Structures are given as C-alpha cells and as structure tokens.
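Before anything else, here is the set of structures, which you'll find just below.
Look for chain A in each of the two complexes below; its partner is chain B in the first and chain C in the second.
Here is the complex of A and B:
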C-alpha cells in the first residue's frame, strides 16, 4: 500500500453529526468491504462515531448529518462551513429537518417542560432548522435513512466538482416500475404522490406506506393530488398531518427563513 | 495509597461511541472532587413530539431515536402500542420479532467489538490505521457487519429504520427464497465467526471489579429472554413490565439536572453483562461453550468485560437466529398474517384508550417505552427510558472506585482507562432523549 505518499493529494473528507439518530452515518459502515474502495479514494480525517482522530486544517468535503436545534449547533455549523470547500447535507434531518421538525408544531417552552419538567430552561433548544436554512449547502443526500447508492453518486459528483440533481418526480414513478399495488387501493393513504423519488420506493416495496422522508417534489401535481384525496374520501388534514412528520421545517423555506 | 495529586480531565465528545458524551474529572490533593460522565446531545424531545401522533406512527417515529438501535426501539414501541391497544401478537409474529432482535444484537455487537472497542485494545485511535496493519481483520469486520445488515434488509426492508415491523405484526413476510437467502448469509459467516472467537481469546482487558446490581429481562421459560419475560435483578428483584417505574426509580441528583436510575443499591448495570449474569443458563449451548473456553463465568463484576459478554451474545444470537430460520422453513410461514395498517384509516385494528408498556432487551440493555393513548388511538403521553440513561449512574460509581486505583498513572493513561470504561458500556447517547446534563466545569 502506498497510502502515505497518496495521502497528500487525496481529498480530505470529514463527517459531522448534529441532532439526529446517526443512522445515516451507520449506512456508511453498512457499505461493507466496498467502503474500503471509497476509503482508497478519499482521506477521512474526522468521523467521531468511529474515529478518535481530529483534523485542524480545511476540509475538501464536509458531510453534515442532523438538524440545527440549538445555539451551540448554529455556531458550530458556521465554523465548519467556513473551513469547508464543499458541504453536503446528509439525510433527512440535515436536508429538510426530518422528524426533528415535529418539535416546531409545539410552543418551545411547553414541549421542553413536557420532557424535562421544571428545569426545562437548562436545556437549550431553538426551532429545528435544516442545514440550508443556516449555511449554504452544495449537495443534498435525502432520505431517512439515506439510500446508499445515492450517497456514492453524490460523492462522485462532489469529488469531481460536478452538479448532482436530486430526482424531482414523485415516488409513485418508481413504485409503478416496481409493480407495487397502490397503497390507496389497499385502503390506506400514502405520501408517495407528493414525495421526491430516488429511494426506489423502498418502504412501499416492503408493504408499508411512504412517509415523505425525502421531502416534497418542487411542483406537486396539485389537481391529481386532490383527485386522489377526493377519490379515496380522505381529509386534507390527514395528509397534512402525515406530511408534517418529516416536512414541518418547509415553513422556514416558504417564509424565506435563512 | 495517599497521593497528593491534582488532576483535571475533560474529554469532550468521547469518540467511538454513538452520540456525544463528556468525561469530567477533577482531583485536588489526591481527593476526587468530581468524576462525572455527561451526555451533551442536544435534546430532540421525542416524548413531547409524540403527543398527538397516532399510536400506529410511534414505531416509525421512535425508531428514529437511534440509528444503531432502531430495530430495538421499533420492537419496544410496538410492544407498548399493542399493550395500549390490547392486541396480542401471534406466535409467528413473536418468532419473527425474536429473529429481528437476534439480527440487531449481531449487528450492533459486531460493530462495537470490532470497530469501536478493539482499537483501544490494539492501541490505535480507530479502525482506520488497522486497514494497513490488520487488513484481514478490518475486512472481516466489514463483511460481517454487511451480512448482518443484509439479513435485516431481507427480513424487514432495512436495518436502519426497519420498514415492515409494525404494531400488529408485519406488512411483509419472508418468502421461502428469503428464508433461504438469510440462512445462506448466516451460514457463510461460519468461518468469520470462528475467527472472531479466536480474536476474542487474545483480547486483554483491564482488571477492575466493582459489585453492583445487574438488571435485565428474566423469564421462566427456556428462552434467553430478549423480548418476552419480566424485569429481574441479581439482587433478587422481580417486576412485571407494567411496573417498570418500580425498577427504574428515576431521581434527580442535586448536583446536576440529570435523571438517574437505581433499584436496590446506589446504581445498577444494564446490558450484555447484566443479561449474561442473570441468564447464563439459558444461553445457546454453543455460546456457553465459548464462555467456558474464555474462562468467563457469572457473576462477573468487571464492567470492561461487557465486551466479552457481547462476544458470547454474538454466538448465541447467531445460532438462535439459524434455529428460528430453519424452523420457519420447515413449518412454513402463514402469509395470511400480512397486514396493511397505515394510520389505521380503515380500522384494521380495533382502537381503545389505553396505557401500554414495552420492555425489550436491546444490545445496550433493557429499554422501556410507555404510551398513554386516547379513544382514537392518539398518543397523550409518552415515556422512554433508555439503557444508556440507566447506566450513567453506574458508570460514575465505577469512575469513583477506579480513579483511586489508577491515580498514580499519567494523565493520558488515566484518561484512556476512563474512556475505555465508557466505551465498554457501549453507550448510545443518541438514544438518551430523556437524559441531559449541561453542568459544565472547567
């Protein structure tokens, strides 16, 4: 192995986690031995979950997992951005706020008191934000968890400086190709018609519904969507409530929140 | 030994653990003023966020508490939801859930033993330098990790955030070819398992002992209890799952705002070592053989050896999983039990107001979920007590006994010994939604 001589030229990649379950990082370990091929092309300089090593210079690529949910995190992400050439938002919590966004449906003091009791003020917490509402993001890897083949694609683009376009058609497109019976026809509601594809309709393939973890398509077919809601006699409130499990932070984009 | 020594250790973000934790130690004139382990994960407020959500969504949401333990959280959540709804799972469902837990244990323990704990024992900062020096070992670890991940993918759609395991049962059941594929993946691991045991036999651990209480599920049947049973302890306590609060006795320590747990004495231990100490007799014969070969006997009071107990459980879960798979293959799977539930729009499962408890062994120890639901099946209140939260009190008591024993060593050696101790517990701080300590000292 000639790692030592190559290290100088290999791109320096670091992983950072914010408020999240760290499952998307774990998807990296789940790549198995092909992880070693990736590690042959890059130099992972920080990855706290599996490494004790630290790096004090700039990063070529910073991979950010998790949402920004307190003041300390906000300062930390700004510092990381300043040291990073390319920044990737990695997983639903980083890309769209994910399940952390459900917090934004509650009044902050009230929900903190509910979990921590009278000492709730000791627990710093601000409205959940996805990374792009705090600093500039160059690439997005969506999903809860991320879909590993997409990570490899995005990494290839990021390392070569090429753009990566997240598919902007609904999950239904992939679901049809996979020949799944529509969940609406099986009697339950599903967020496939509103949600960005790219996961290969992972959940529906396994008999469950789409929960909207990859975020909303840019131009949802609103008429078709109301047709679906009408045809299956669903309340719009039911769909909205389901959508807020992952997509509550979208309000921050609509309100121009940066 | 009287040592007039000053020591000030602050390890920020202990590495190679799941989540963020700090170690804070202050010694003045040989007297320990502070020896604490702080969880510094930003609060995610899961229990608050669950309010108003359908109990049928609880599995999906709480699985996101932790990526490593997502199957365990799913199963505790499902049990709590079913208990609240009054649903009794079928024998086939229980069998498949036990299989899923076996996979969760295999996956998590292999990750911990190889990638998170072994670097300490081999004296390197992470598995990355081992790619060069111990390439075959790293390849084996990644291969085993991937195989565990793959069997989970086949069984429940994926390991990180399982898809098909829901309250009521499964949305998709394994076809015969799926059972064959899982059996093959496990059988192909045979050689790697044998090598793992050889490696385990060479690992050396610090010699440290502190008697404490060990808490885990116990049962009266022959099964090593991971999913079913009651709460038991090495001090002879026993409680129904419903009475979990009597076992955990959460209390606030005046010196911090954290919630600790205790039962019969100042602290208790949960995790592989607790299960080993309480349920040794019920381990798979192959796992017992390995324990005997390693000279590892209950009751063991060395917390560092939690890693060895994990190795024993790897063997147990491996053989137990294969037995379940072969049984399913032989007796067939009843596919009429496949469910479509969603948020129960079509009332597939009758809903009632209730208060349900789930208590499941997950790799790091016993995990409790508790949901109170209204007549529509919406969650009114939720409570989760996570293994790592229960262990923090015990870790700090270990610190207090360990520090005087090693105080003459260098600061670096002491720091490493403390970090290794924390890592031996395999703490999962992402899980610690219920515990948070923001008392900093400098």
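Here is the complex of A and C:
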C-alpha cells in the first residue's frame, strides 16, 4: 500500500473549540509518545492549536472543546454535528458547561453589563450550555483539563465503534485504590465523594483536592452530604460554592438537547 | 516450641539483610494519622506502633489493578499469554487482624477454580506478623471476632518485649531464614515475658459488642428486614471506601483494553465494590441491589452470615477500617449493637 492510499483509509478527525481556555487542546498536544501512536491511527484534518489547514468534507470524528454560550456557537456546532459521523465532547466546558456555567448563577443582562459595559447589547450571549444540550454527543471525555489516558481510551472505543462508559462511581473509589490519605483527614473538604471517577484521582494523587470538574455521579448521596458536613464541621455553603464552580449547567440535561 | 529473639537495636540489621534478599514492605507513617504498607530499606522508616493502614496488606496478594493476560487478535487465530509479575516480597509488621484477613482470602482463592494469580503471589510472600499489645483505637472490634491473638497464617510473628522481640517461627521458610540470620533461641525468661504480654492483652481486649458471637449468624438471618439497614443506607455515600479498605473483601472487575494499534491488548482486573451502584446491574438495566440500604446489608451479611455458612468463619477481622474510613460515620460496632438489640 502506498502512503497516500494508507492516509486515505485513516479516519478523518477534526478538533474544534468553543468557549474554553483551549487547555484541553494543549493536553492533546502534550500527549507525547501516545500522540505519535494516535497520529498513526488517525488523520487529523483540522486542529487550530497545532495546524492551519481546513477540511471541507465530512468528518469521521469531531472532537469538541468548550461550551455553547452564544447564538453563533449554537449554529456552528449544529453544522459540525451535521458533517460528523461521531462527535466527542472533551473537557469540562464541553461535557458539563464547566466554569463558563458560573454565568448561569446570575441574571444574563446583569452579567453581560458587568463584562461588556453599557453597550452590552451589541454582544450576543446566552445561557451557558454543554455541547450535548445542543446537539447529540456520542462520547464524553470529562475533566478540567481532560485526563489524557482517558482521551486515548475514548478514541480507541470511537475508532472501533464501541461504547465508552464514564464510571458512575465517586472519585473516592480510585483515590482509595491509590491509597491517598483522605483530604478530609487532612482537614480539607474535597468533592471526591460526589464527583464521577475516571481521572484516577489525578488531583488528589498530586496533593490537591477534587474540584468536581468531571460532574456529579448520577445518584449523589444527598442525605450523606449533611452527615459528612457535620462530621468534619464544614459549612454547607462552602461545599455548595465549590460545586457551583463546575456544575451549574444541569437544567435541561438531555443528550441532544430538547 | 520454636521461638527466637531479636534485640530491638538489631531490627535495622534484620530489615537490611532481608531487603538484600527480597523487596521488604512495612507500615510507614503517611501523615494525618494515616499509615500505609510500602517498601522500606531500614527499620527507621517503619512505624512499629501503627493503627491499621489505609489499605490492608491484601494489596500484595491481589493488587488494586493487575494485568492478567496479554492478547493479540491480528492473526487468523487470536493468541494470548498469561501474566504474573510477582517478585519475592517480605511483608513485615502485619497485625493479627490483617493476618486473619489473608487467611480468609486464602480460603476464597484456593477454592476451585483456583485463582493462580493470587496463589502464585502468595507463594512468593514471606509474612511477618507483629503483635498489638493494646487496642489501636476505639474502632477496632478484634476481640469480638477473636482475631486479637495470633492464630497462624504467618511465617514469623514478632511480639515486643520491651528491649527485644520474641519471634515465633512458624514455617519451614521462616526456619531457614532465622538460621541464616543467626537469631538466638528464646530462653524460659523470654517465654515468661511473652506470657505476661498475653495476660495483659486478655485483661484489656474484651468483646466490643455485647453479644455471644456464635449467635451473630442467626441474629443476621432474623434481621434481614431490620430498619437498621434503612438507617445505614440513608447515610451511605456509596463511595466504596468500606470495601476497598476491608482485609477480606475480594470482589473485582475484569476488562479487556486494546492498545492503540487496535491489534494487541491486555486483560486487567481491578478491585470492585458491592457498594457502588453499577456493581449489581446487569444487561437490560436491572439492578439487584439498587438501594444503598440493600448494598450495605449485603456487605454486613458477607462478613457475619454468608461467610459463616460457606467457610465456617466470620469475614470481619475487627480491624475497624470500614468505620475509620467512612465519610458518613457509619460504624460497624454501632450497626451490630442496634441489630443485636432488635433481636434479643
């Protein structure tokens, strides 16, 4: 097989970004050795962080970073979806709204005025939504930033047409397997008990707390929360605030939007 | 009676000599009152007085994540190779509760079909016990399940006699090691001192829950619908901490993962927990233990009822880890006490 025909058979993959810090793209660019393996398996046709080429045909896989925060973004993501066989949302902004969702805690016009000043009406802005609340998402790679080994796993599943299941267990599960000293034992509150695992307790392994960037488990322990807050003498408001940093876009949480 | 003596100031030499022969792991202080078994190269790193480690030493017998198989599906016929990457390891300083846990796992994994990964690791482990002279803390309930005194399951067993350790040599492997290390034989005065330690323990360690332990399986059978489970379930976080830290929990999940070449891959097993919501979920979405109360009840039954039916022993070793680690303060001693009260 010639090189050209080999390239022709590789799946066409494009990376796009919406409202985000592009930190997840940076994680991809920083993958190192496994990036070379990935590039052996796919043909990257668009990726603003690392190349200037564009692609005008359909995508086998579109990988989306960022959340949807204005009408233009909404139209653009719908067009991308229409051209993509498989769509992967990656990073907290794309998967759960992420820090952009903090906007939803305020009156929209109030927050627009704060950011854009008196002429705020000139700047379009809508409530923050994760990608799946606008178009259907086939795979999720949670996290802020994404945990690179998980992206590789998801990519392998996407290339083989297999489902990837985001673990619906708290981060504590992986944290305990890694034998970390519990942050609560250190006198620090941590969102691990309510946050979806899959990151291999990356932050706690490195001495930080869990900030809840992967989103809540499906069935978080509502009653237990007050016991935990009581046991460790925490304030409920503090935990709530920590949660709202990443988890403010849960209304209308239907994959594919309404 | 095969007892030998090691002076306290000779422990460092003992550990160093041992680590020249194999990997030596022992309890090490990890801060915030936590301890963990990890590799050591001298006695100064070891915490001789420690409360049960975050994870029990079962992690050396069945690692948290273990590669079982490497496979290749590129050929006309898929091929595979079994993997066991176990090296010689001495686990030093294991308390009697954790020795009991390993005895439980030995029974489980020796059942047919045998678990060769577990058994081959076990073959390569030299188990060195260390006696607790007093309670580690108020969470332990080792006297209730009679695991506060040594009853086998080790190669060597150390008891602190102040300026020296008296060592019970229990296996052929241990016998050879003691000979090689040139440890002195214990004299009658040492045996008297050991008996004094045991007498003190008998006066300190008392059944932590007011119940005849022999009646516990029947109490559980009668209490299957007790409101105790509702109460415990209402508080449970479902974080799986209680089972992950349990010395006798052994459930695992298996998964095949492809490499990026999409031709080769590995089969891995990872600890799983009956406390997690997806654990008992099957194809079609049915979940046999959907409620937290059902899952907690299951955990307790696995320790005090089913294990007695199947293996004639409690699978609770009284180490207290599940209580110590519980985010929501669910206490094993309190749960048992409530259940017992309901059934008298």
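Quick notes
Heads up, the rule we're going with is that the second predicted complex is superposed on the first by the 246 of 258 C-alpha atoms of A that agree within 3 Å, B and C clash if a C-alpha of one lies under 4 Å from a C-alpha of the other, contacts with A are read in each partner's own complex, and residues count from 1 in each chain.
Here, contacts are C-beta pairs under 8 Å (C-beta built on N, C-alpha and C of every residue); 3 or more make two chains touch, one makes a residue touch a chain.
On a predicted model such as this, the values are computed, not experimentally measured, just so you know.
Using the contact criterion defined above for the overlaid structures, shared-chain residue A:186 touches chain B and also reaches chain C.
Contacts of A:72 after superposition on the shared chain: chain B is touched, whereas chain C is not. Once chain A of one complex is fitted onto chain A of the other, the partner contacts of A:227 are limited to chain C, with no touch recorded for chain B. Once the two complexes are laid over each other on the shared chain, residue contacts for A:202 go to chain B alone; chain C is not touched.
By the touch criterion defined above, A:168 reaches chain C but does not reach chain B.
For chain A, the partner that touches more of its residues is B, with chain B and chain C as the two candidates.
In the superposed model, A:218 makes contact with chain C only, not with chain B.
Of the two partner chains placed by the overlay, only chain B lies in contact with A:26; chain C stays clear of it. Of the two partner chains, neither chain B nor chain C is touched by A:140. Residue overlap on chain A between the chain B contacts of one complex and the chain C contacts of the other covers 186-187. Within the complex formed with chain A, the chain C residues making contact are 30-34, 36, 54-55, 59, 64-65, 234-241, 244-245, 257-258, 260-262, 270-271, 273, 276-278, 292, 325, 327-329.
Put simply, chain A touches chain C in their complex at residues 34, 37-38, 40-41, 152-153, 156, 159-160, 168-170, 172-173, 176-182, 184-187, 192-193, 217-219, 221, 223-224, 227-228, 231. Residues 1, 3, 18-27, 29-33, 35-36, 39, 44, 47-53, 69-70, 72-73, 98-100, 102-103, 105-106, 111-112, 114-116, 119, 122-125, 144-145, 183, 186-190, 202-203, 205-209, 211, 234, 238, 242, 245 of chain A touch chain B in their complex. Residues of chain B that touch chain A in their complex: 13, 15-19, 41-49, 51-53, 57, 60-61, 64-68, 70, 111, 115-116, 119, 125-128, 131-132, 138-139, 142-143, 145-146, 149, 156-161, 163-164, 166, 170-172, 252, 257, 338-343, 345-346, 348, 430, 433-434, 436, 438.
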